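Below you'll find the structure, written out as structure tokens, and then a few comments.
Order as written gives the chain letters A, B and C; numbering starts at 1 within each chain.
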Amino acid sequence: MPLNLTDMESTNAPAKPQFSAAAQDEIKRIITHYPADRKKSALLPVLHIAQAEFGGWVSPEVQTLVAETLDLKPIEVYEVATFYTMFNLKPVGKHVLEICRTGPCMLRGSDELTAHLERLTGAKVGGETSPDGLFTLKEVECLAACGFAPIVQVREKYYEQLDTPENVDAMLTELRNMVHRPILPWEALAQN
Amino acid sequence: MAKITFDGIEIEVPDGTTIMNAARTVGGSIVPPAMCYYTPLKGSGGKCRACLVKVTAGSTKDPRPMPKLVPSCITSVQDGMVVENTVNQQVLDVRKGIVEMLLINHPLDCPVCDQAGECDLQNFAFEHGVSTTRYTEERRTFDKIDIGPLIQLHMTRCILCYRCVYTANQVAGDRVHGVLGRGDAAEIGTYIENIIDQDFSGNVIDVCPVGALTDKTWRFKQRVWFTKPVNAHRDCPKCSGNVLLWYKGKDVLRITARKDEYGEVKEWICNECRFEKKETSDWTIEGPAHIDRSSVISANHYELPVLNHSVVADLPESTQRELEKNPPLKLGS
Amino acid sequence: MGRKLLTEHINVEGIDTFEVYRKHGGYRSVEKALKTMTPDEVVEEVKKSGLRGRGGAGFPTGLKWSFLAKPEGVPRHLVCNADESEPGTFKDRHLMSKLPHLLIEGMITSSYALGANTSYIYIRGELLYVLRILEKAISEAYANGFLGKNILGSGYDLDLHVHPGGGAYICGEETALLESLEGKRGNPRNKPPFPAVQGLYARPTVVNNVESIAAVVPIVNDGGDEYAKLGVGKSTGTKLFSACGHLNKPGIYEIELGVPVEEFIYSDEYCGGIWKGRELKAVVAGGSSVPILPKELILKTAAGENRLMTYESLSDGGFVTGTMLGSGGFIAMDETTCIVRNTWSFSRFYHHESCGQCSPCREGTGWMEKVLHRLEHGHGHMEDIDLLVSVAKQIEGNTICPLGEAAAWPVAAAVRHFRDEFEWHVTHAKEAARPGAVYPSKAVLA
């Protein structure tokens, strides 16, 4: 059984991150996909779960937790987490807007979109989160949606054809109105 | 056994031998340079591309030439293979290119580098490089960091050969350092604040081809060519105890493992021998060591042949003026 | 309107569910293969079809399958490459999200042919939402007896799993993909050994693109010969092209190989011409790594023949006047496009995506990007142009994996075909550095 969060908070030790019960179930399911002596194969999927569970980024503590979960040395997690660009190594705002900047999107106005989003949110690409803590802007490479450029990815959703102010506003409004964080897929699974 | 022709010389070696090791059985200047391959380390090689050679005939069975240059350090010989190294202009040109690539982000601070005089990169650049650089962009830099109390990492000098990573995996047991990030932003890093404190971790210093991993306990820092290597041994419960003591006068400045002519460690030594036994009385002296390969040591060269230009070199005056007005964006920061 | 083998039912309501897909003839190939054919017979049909890998290299799929080592007692694997990250390419995402069961059906039939009992779909991490779609479809396939133990009573067992990447183009390279699937950094492996001998977990492995695997379905259903009747010469069957850039109708088109490039760009059935009534300037026809061609050379070969959408026709003229079909990522650029800027953007991409293992690519990609950045921003000089070509040459052919070439080709080709424009960026540095600057055509310059 997972540690109960309230139990953890009652101790004075700095809170050690702990996966939710639903996430633990999901991790167990994923591990069965690989040969028993190849648990390391589950590293990327588990890092995705960790990032979603712990506020959109993977702190050193979270990475250590991932290492423990999969019986790995911490360095094995760290070298992988730093190789793949989806894993944020620093705290992020509530929504991370990943703006595609590659050629095909550039041809259809991704530079302008980036500048526009910086103005609208007050966040800086690759830098500060917006003052309201809502938005972090990140430039990424081709998202395999070039025909619908320019593109922004937020978590598991693609926002396409952001070449009109209306579409951009619609996206930002949707994100601003998202009061709770969306239910994570494995939580949905656990509820069923 | 397989018979190959290497630069016109016939060599017979056991099946499965690499082209590189076949050439090493002959030795001398025909041996391709190796910046990442390291025989004792499983999985090493194939990365730096310094050792690329031309295979003009694959084997007796299939005598077609191989379309691309192949890394001699990890390509196995085949019976009837014909290999060209120093006699092939394409190979020499590509090698020049590799020197250039390895140096573009290298600090060129040999005059202040601990490794100068025993640096594989310095040797490589001397023997195979060109004397000017066409690289005028900003170089990547990192702060130097301590990996524990004994080892220092100057990441700026690292050529990402991965030797230290394999060493930590295969020799030092529990690995706490590795390659983080990717591309030219990749770096050797440790897991947050962890330090290398395994018994054999000091060997990463010996395998490092450049001055990226150095011995912090090196006393009264000295240019390598002013020191005298002496073979010595002691009864060590952990390792063979066979080492090299590097003397300046009566003082043991540092201790390393013994290496062969290709710079490869013959026997790994433990941290106690390396870092803690700095008195002559700790050792049984065997006699002066003969260092074969590092010609550079005796030649007293301690600078790279490449001019250390300022960030923007050789620009037309108009461009320079323009640059002052509109400095280029800093990339990658 | 050409025949569609993969996307015929793509717009049918509910086609992403097992029921609807099955109603439209889905999973017939599994029944046919498992009940009436031996694995080798399936391989034989794929060979006959002339299918060439749709991931970029165009290697004949049947031939690749026949290389798979089959040592006694060692499990083999089929891994589907759904990493789709080559700029300009967005067909696999489309296919998987709309027709998840088509890929699953192809995976079952292909795994059977290869004797694999555990197969994986490696999907790029950004497409987690597609992973959910695939996982749902997979559970439906299990529930209906098309996956799991003793499929359709044939005695054949197969487990199929989807594995997400984490954001790295290089994991599309098949050995990097396998490393990544093993939970490691996506560093490509030195070859040999090839995956067919030592792939996933050092076991014999075949890696195939999503579209290649999907194409196995119609091949098995209708027979390889039937498939080979479509297309032209050695370019058989249909192919998905993802068209983007300055087109009126960017999107994903399944075409019979052999459609003239001109028709593809201008006809209303396909891309509907260049947007805003502008002129076409250049095309990158097969994903960002293939050589760019100016309008004159993409519409007609150097010999003046119509260029067709086939492997052979697109590569007619080699790298001097031709290009490659690649992954089918078709990027069109209108007359206002700055080639230097676009080349810089591609270069930045490869620099960003280099794994950093081997020195020519690690250092060279960054070097090219920096020089191109300088040129584009008005700080270039004439020597830089030849320097670019020379650095590209130093990378090409000397690296562990083909990312080196993928980075070198676009730069070399851009200079080859658009040198004037590069020179203009030096002679008119200030003007060229202005955002949105447009290189005046030769006519205006003269």
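As a working rule, a residue touches a chain if its C-beta (ideal position, glycine included) is under 8 Å from a C-beta of that chain, and two chains touch if they have at least 3 such contacts.
All values derive from a computational prediction rather than experimental measurement.
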item	value
Innermost chain, where centres are averages of C-alpha coordinates	C
Contact pairs, highest-scoring chain pair	A-C
Centroid comparison with chain A (C-alpha atoms), farthest chain	B
Distance from the mean Cα position of chain B to that of chain A, given in whole angstrom	39
Geometric centre distance via CA averages, chain C-chain B, whole Å	38
Distance between chain centroids, defined by C-alpha means - chain A, chain C (Å)	26
Numbers and ranges of chain B residues touching at least 2 other chains	179, 181-182
Multi-chain contact sites of chain C, meaning residues that touch two or more partners	168, 185, 352-353, 355
Contacts with two or more other chains, residues of chain A listed in rising order	76, 79, 83
Touching residues (chain side chain C, partner chain B) in the complex	168, 185, 190, 351-360, 362-367, 369-371, 373-374, 377-379, 381, 387, 390, 394, 397-400, 429
Residues of chain A defined as touching chain C within the complex	33, 35, 38, 40-45, 47-48, 70, 76, 79-81, 83-87, 98, 101-104, 106-108, 111, 140-149, 153, 156-158, 185
Complex interface listing, chain C residues touching chain A	84-90, 92-93, 120, 124-129, 132, 159, 161, 163-169, 180-186, 201, 242-246, 250-252, 284, 288, 329, 331, 333, 337, 341-342, 345-346, 349, 352-353, 355, 435
Chain A residues touching chain B - in the complex, by the definition given at the top	60, 73-76, 78-79, 82-83
Chain B - residues contacting chain A, complex	174-182, 189-192, 194
